[in-house]
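What follows is chain A paired twice: with chain B in the first complex and chain C in the second.
== the complex of A and B ==
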């Protein structure tokens, strides 16, 4: 999995590609920690190039969601494929995040 | 603490020892070998044509006969050379005992007035910086010959640790006076300057390092003593000479032994036998061109060693071993290139062997150290995983209860990387049975401890009169209250009521149970609300389903549907449903084993990544 973090205005945009699983979720956790440390409260994760996520990946997202809640921030996702939406629906976490079809729409929502 | 002090002390000792190695020239012989290699690899340096070498070679001895020969021959040589207009005639030969022909020699020397004679000092052991001191003369010429010479100079050469001759003391103090070496004396006469005020780089023992101009045969012009005598005699008889003696006009003529068996041959950096007369020529040459060999001071060598060591230390501790090896080679190659260039261009000699040795050892040490550390980490991790596995396995039922109304089978295969699956089957009474399956998000000991807590708390909240959604609600609140917020567990809980043939169920973010009614396709039993437990307070909705004889329930974790084969395909819920639909006539046990085998077959040679947990239930 590859992680790219960039800043668009005051929004931290995290682009993931590949598979987010038990082996690499810690890398994402570290990236999230860095984003929080830099006092970012608006985080958008672009899932366009992410093919799969497992339970430890979901846990990482939820952790970030909770940490952002504490600082009154927001975590949104965009361009999530159907398979991952299915996984989110099983765990019901899709109700926690704002999930947007495209990046522009997501960026405007902040 | 004690261990830490010991560790620091050992490290400090090693550092001091390494630095001392540089300071006290450890591996000096190897370093001298590298110096010789530099001499070999160096492009040809400028060589003066003002010097000619006159060899008492095999040819001369053959012509004259006995050895040592009549001194009249030396007298003739002086006559021949001074007749040809030679600038100086320098003997690297002692005339210490009276012999036949001494009168001729004396007369020739007086007539020529430009003959130099050698002598040798017995040097005192060197004490610190400054000039070398002599104890006495160890070889001298006959006093009348000495007085007839233009000047006399000592020809002492200093042998290095490897027995090779590379250094000459330029001046020697003897009985309160300063004496110059033969080559310096000659140079200062030739240049008509006082060289004692000129800056000549010396080593730390105040010796001049000889800048060898090349191999004996190529370095200077060589002539045979015998040929010169023959030509001189031929000329005096009006015959045609072998040599045109005019070639010696204005030349500094160095006369010495090179014939086999003569003792004036010493090992030098460039060849095993180098006549000592060549050394005078080399020093004369380097003074003439002001090209000397300068040995870097201990301080500079130390700074280079520390710099290189820090570079290698940093790269060996950070980069991967193979990459670090590449860096070691690259850094040292650059260092060698720079030191060779300095030697070729400026004649600067910096230590290379010791820094190369130390950096290589540092690389090996760091790589070994890191391998041991890595190995230790692996051992710790593996034992940690083993503990996690044991904790996990101790919290799942060792045996399933006997229930008349349903046939139950369950299995949990823990992967090497523990995922934290859990399940439980509780027989409350003959009428009610609770079945739970879950998965802790995360791995290792923290996940398995959390799993243990969740499994124990579940037993506390699961009651026959309480519906599953309420149980999950209570359990969730306890987990939120009592555990760190970054731990979650997905949990599916169902309560079988055999009297009413109803199953109540609730789901906290887990994979929904598959339900197969007789003759029907598989159906996922899910609910509207229910996040994984431990995340936040939230609603947990419940549902119920009526069941009948032959109905099948399949509880599973993501280890099954996310099992990945070599082509990176996942087993998936569709394959699971299809397998159960095709094999619905099997017993719960057979179905359980069938699914596990099917997953393993699908995986092929791939190992399961996550725990595989499966509960199969068939209503009887």
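== the complex of A and C ==
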């Protein structure tokens, strides 16, 4: 999995590509920690190029969601493919995150 | 109908071996011409079952292995993942979607498997999980 982090105004945009699984979820966890350390409270994760997620990936997103809640921040996701949306719906975690169809709509929501 | 065994292999209890093992299993399943939804579901269930077997079943003990069998009769795929641990009470798996559990970091693996496969059974005192996917 590749992780690209950039700043758009005051929003940290995290672009993921490949597969998020037990083998690399710690890498995303470290990237999230760095984002929090730099006092970013608005975080958008772009899933357009992410093809797979397992329960360890979901756990990493929940951890970030909770860490952002503690600082009154917000975690949003965009361009999530239908299979991953299906996984979020099965586990009901889609209720925790703001999920948007496209990046612009997600950026405007902050 | 004839049942063909596609995989009958042991994987050592090392989490870093899991992605490569799953890739190899999915390559062997290519002969069945599965669609992308089916491949996604099988990959997800293999990840969840193997990680559970290595972490919770075998407690990551390097001298213990996880036995994986994949067989098919062309109408369905049967995955069996067996660890060498003490088993567990599979009748008492918490529902991860309730209000008190939804924010927890762990406990979604079996639930994802049960909702991605057509049938799931625990055998051998919980040491074996048998997962069946009907091929469309």
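Remarks
Note that in this section the second predicted complex is superposed on the first by the 110 of 110 C-alpha atoms of A that agree within 3 Å, B and C clash if a C-alpha of one lies under 4 Å from a C-alpha of the other, contacts with A are read in each partner's own complex, and residues count from 1 in each chain.
Criterion: a contact is a pair of C-beta atoms (placed from the backbone, for glycine too) under 8 Å apart; a residue touches a chain by one contact, two chains touch by 3 or more.
Please read all numbers here as calculations on a predicted model, not as lab measurements.
In the superposition on chain A, contact of A:55 is made with both chain B and chain C. In the superposed model, A:91 makes contact with both chain B and chain C. When the shared chain is aligned, no partner comes close enough to touch A:8: not chain B, not chain C.
Once chain A of one complex is fitted onto chain A of the other, the partner contacts of A:71 are absent, as it touches neither chain B nor chain C. Taken together, the two complexes place residues 21-22, 52, 54-56, 58-59, 62-63, 66, 90-93, 95-96 of chain A in contact with chain B and also with chain C. Partner chain A is touched in their complex by these residues of chain C: 15-16, 18-19, 36-37, 40, 43-44, 47-48, 51, 96-97, 102-106, 108-109, 111-112, 115-116.
By the touch criterion given at the top, residues 21-22, 52, 54-56, 58-59, 62-63, 66, 90-93, 95-96 of chain A touch chain B in their complex.
Note for the complex: chain B touches chain A at residues 417, 419, 439, 441-443, 485-486, 488, 490, 509-512, 526, 529-532, 535-536, 558, 562, 570, 609-610. Those residues of chain A that touch chain C in the complex are listed here as 21-23, 52, 54-56, 58-59, 62-63, 66, 83, 87, 90-93, 95-96.
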